[in-house]
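One chain, chain A, links the two complexes that follow: it is found with chain B in the first and with chain C in the second.
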Partner chain A sequence: MEFLSIPFTVFIVITILLYYAGKGKRWQHGLLLTASIIFIGYYHLQYLLYAIGITLFTFYAGKLLHKKKEDKSASWIFVGSLAVLVGVWLTARYWSPIFPLGISFYTFQALSYLIEIYWDEEPEESLLDFTLYMMLFMKFLSGPIERGYELLPQLKKAHAFDYDKAVYGLKLIAWGAFLKLVIADRIAPSLDSVLNNVRDATGAQLMQATMLYPIQLYADFAGYTHMAIGLGMIFGFKLSPNFDRPFVSLSTGELWRRWHQSLSFWVRDYVFMPLSAETRTLGRWGIYLSILVTFVAIGVWHGAGWTFALYGVFQGIVIIYETAATKFRDNIRGTFGDHIYRPLMMIRTYILFALSLLFFRVAKISDVFYTYRHIFDGMKTNIKEMRLGMGDQDWIVFGIAVVVMFIIEYINSRHNLIAWSAKCKVWQRWTMYVVATLLIFLFGAFGVENFIYIQF
Partner chain B sequence: MKKNKPTRLYLKCMLLSLPFIALVALYIIKDPFMVIRHYRDYDHSDICQCEGSIGWFKYKMLRHRMHYDSFIMGSSCTKAFNTGDWNRYIHARPYRLFSNSEEMSDVNVKLEALYSQRNQQVKNLLIVAEKDFFTRTEPQGGVMHIMPPDVSGKSEITYQTTFLQGFFSPMFLWHFLKFHVTHRYEHCMRGIINDDGPTRTFYTNDAILPNETKISTEGEEYWDDKSWDNAKQHKFVWHEAPRTIYTAQIDYLNKMKELCQRHGTNVKIAIGPRLDKTAINHDDVNILKHIFGSRNVIDFSDKAHEKYSDYHNFYDNIHYRIILGRDMMKELYQ
Partner chain C sequence: MEKTEVLATLEKIFSEVLKCPDIKLDYSMTTKDVDGWDSITNMMIISDVEKHYGIHLKLREIIKMKNVGGLCDVIMERAE
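Take a look at the complex of A and B:
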């Protein structure tokens, strides 16, 4: 069930009421596990079976790995376990008639868990706690990808109700709902109509859809993440952040430190760092190779098909260039000053990201290159066609919402707005609550499709 | 310690929800869009309704009695096509199953729903189209377009929450509350509150045309308003709109055609004229004729029919008159 649905609302209200009605860790964890099983099984029983299977395998593989860690067979067990997990994931992606939702996320959690044990972490003793780590419903569908050493300790104790945290969580959920409903879902049908049929669109429409897609993707995914983190806070958990204002990045490298952080940091720690250590004898070429392999891995993680691999290659090549051209960029910065350099670099990074995302979004490679070739065609397109089927009111709402998003994120980077709002007077806080709820309800595009990252 | 009791949060959440709960209760009691409960009479509502949904409810209510087997579909321009006039050509049991700003994807979804009804024949289908009719390949949503679950395939919850959200939109809610408090219609309520009385007949869902009566009474004075100046001064020049039918739409139309052929439905498509003389693109017309047959598609917006765009043939800048509809049917069925 999707977060923004009436069944989920009923589900979460009942779960919260029961969670704090009982006492003790066993009650809370038993309830969360039951809720997670219901949540996952609601979509399809097969998703639940996959999740349970991978959880059990990882748990016992971890125990075996730890037991045999002084043995010669440890590395075989380690490689074998990783191979099984990756094999199951690839099988599900390429050959299964039904692709289990969330498998990419919890498989990476499982991989990091085993890698950490191989690197001398202690395995989790409690199967219940481990199962919750893998299947906790609020992060199951689209992350964040949690590390064992961050989430497992939080599962060691019962969580007493914390009013301030719960309110903070509700505010995060409201913000996530705003991003998802008012921005992402509002523009989604219009962009889909172009990006699903690029050869039927004019150049101006292609340009418009290409440049707006990163905003839709960000609002959709960041919206989901905020809701997941907010839900976690209500239950007393601290989940990892996933975004840090990615569109202020001055380089693609910086963008990937701000975008889908749980994935990019995972790949940095478990792919890039070991690989660059292994290739250190190659000097800077070793680093370049490591970057390329890392980003191809990121691309392939997103989907089966050459388009996703090329998405990764695109990112990797740009970052290699940026790494190689650091001096050149510093010279430009020195020549033109920060006031010109920073906005130019933000725009450049955004445009490159938007162009790379075509590989992510468009079904065929030939269609991506078609888009590149025709993106400047038809600049005299009729203004009606530029509407992409959306009414004027929708465009106004979308435009204002995007500006509000950027402003709030900017202010929030300097002063935690949610914490600040808690210090306001009662009437001010309640005005904000009522206005926020009204805005979401009035301007939210309800009934539009799933979260984009739910397909991974 | 007191601060950390969840009851305080629950109470505050309920308090925040109270105004919304009160409005939801009002919505359920009043059922302004007539979608929560079933009614005997759908045609005397104060509120401008989702015509598609209402038309479907009436169809289902009456079909066993009336045995409808022929349907007029399209947007509100179908008001120019009376089932009685149509019946002179088809000799069947027609019903006007139209919707607000309907497009081909909406027609297709309704057709599929009709075919799935037990013992339902669709012998004749008259599609009243415009230049933008063939753009979408997904049915429209929103309070003025969404069809009931047994047509759209969406859940009852999605269907009802769409109308609930429509109820809460400022544009609707403000005028609805004002009208129900003051019982006075104001011009700004146009499109939300219906001040014209019944707009459709009971059995065939034909349009009731108060403007036709006005024209009979007022004559040329009916078109005295400033909004007609451009038309009266011949400022509109005949021109073609950009093409709208491409690969996705062609695939969709072919599937529609196959569906109709499989069920033995005789399809006619009338592309109506426009006051501003904007014609559908000729490429689009050629594609439609290729798919449905050149005798089954007539473009009344083309240069040959430019005379149809005379302002005397229109009630307003969108809707043409029933006298034009009769001429169009005559040409379509000769």
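Take a look at the complex of A and C:
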């Protein structure tokens, strides 16, 4: 049941109506649990069984860990529980005949929940609330990866219908649909045609696909995240943000604080921090080692194969270099001034990210290096090849949509546009709603496959 | 040991690690308020703090620090 589908639209309308039709926490949570079970089970019964199994295991492991926290056995219970969760996740990820959707996201929620209990947090008392923390349908497939201490307190009360929040949520969903349908899905078939068969592409096509893929991936994943957060708001929940204008980053380190934040902050808190704390006696080398291991962990979180590990190694090496060469960057800043330094660093960060994403996107390592070798072979290309099978109108729509995306994100970073639009007059607001909806339906590319991150 | 003394020492350590002279800190400052103070440089700062005061902070203490004041409190507690 994809977000942008008729079955999901019917499902969500019925769920919202029933959610606010009844009163009290028990009704709302019971309904949300039923809706989540239907949502997950609709994909595959086995996905549901995995999710329920991991949820029950984590809930009772957390209780046991808390009960035994003063015992010597606490460390063993802790390590054993983490080993079981990681073991199930790895088995499902790499050796299971079917890959249970969402498992990478909710397993990471389960791991952080147990780690926090080990670090003195209280375990959740209600199995129903904990199950919702793990399986809430709008964030089940691709996150955001929530923390127990953020989401569980929100599950302690019933939510009255809040018109302003619901409208805010709908606007986020519309923005997400714009990113997904008008930008990501418009360009997806063309980039797929190049990146699925890099050896059949010309140099200019490789260059185009490499440089545009970050935008496709961003519009796809940020589009999904806006929809998930918007849906959460309609039900009265505040889910974690996942993106904060990543392409304005001046360094790869900064980019990872703005890109897939719920995953990067997760690995920062539960992988990098413990590791760098343990290795700090080694000085800078301990920190460099921790950076490398952390980014390899991010890489392999995405999937099996050396390509994902190398994707992590690439990020790690760049960030280690950035950490070691701060003085060099400061010199550039001092020599050229902020007006040149900032755009220069933004472009450099974007290009490095685009090059690293080839490991993420292309199937074989040899194809990544083939692309690197041939990316400048573009002189013989004609304009027809550079269209990548897309018509002129599609390119114009895509180009304008990307510019609109950057402008709106820029303005929104200074003035909250959604809050601003709520203050406009009724006719102005409705004009905006109608125009935005029409634009999405007119220029959206419908019928493309699901969200990219659903595979993780 | 006075908290203001600890703060003055931290300002020196922050300035050295972040390669930015004359950093001025207050107790409520977090990573968002100091340019260059992030999870990577934080561990370098912790390492220098430990060397300076001859202490060893536990992982839980490091994780639970929310701001400069939290770091000062841990140092004062452990260095006594």
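In this section, the second predicted complex is superposed on the first by the 455 of 456 C-alpha atoms of A that agree within 3 Å, B and C clash if a C-alpha of one lies under 4 Å from a C-alpha of the other, contacts with A are read in each partner's own complex, and residues count from 1 in each chain.
The rule is short, and it goes like this: contacts are C-beta pairs under 8 Å (C-beta built on N, C-alpha and C of every residue); 3 or more make two chains touch, one makes a residue touch a chain.
Everything numeric in this text was worked out from a predicted model, so none of it was measured.
When both complexes are overlaid on chain A, the residue A:Arg199 reaches chain B alone and has no touch with chain C.
Ranked by how many residues of chain A each touches, chain B and chain C are led by B.
When both complexes are overlaid on chain A, the residue A:Ile291 reaches chain C alone and has no touch with chain B.
Once the two complexes are overlaid on the shared chain, A:Trp395 sits clear of chain B and of chain C alike. Touch criterion not met for A:Tyr321: it reaches neither chain B nor chain C. In the superposition on chain A, contact of A:Val434 is made with chain B only, not with chain C. Applying the stated contact rule after C-alpha superposition, one finds that A:Tyr163 touches chain B and leaves chain C untouched. Common to the chain B and chain C interfaces on chain A is no residue.
Across the complex, chain A meets chain C through its residues 119-120, 253, 257, 268-269, 272-274, 276-278, 280-281, 283-284, 287, 290-291, 319, 323, 326-327, 330. Put simply, chain B touches chain A in their complex at residues 3-6, 8-10, 13, 16, 19-20, 135-136, 138, 141, 154, 157-158, 161-162, 165, 168-170, 242, 246-248.
Within the complex, the chain A residues that touch chain B are 5-7, 16-17, 20, 160-163, 166-167, 170, 189, 196-197, 199-200, 382, 385, 389, 430, 433-434, 437, 441-442, 444, 446-447.
Across the interface of their complex, chain A is touched by residues 19, 36, 38-41, 43-44, 46-47, 50, 59-60, 62-63 of chain C.
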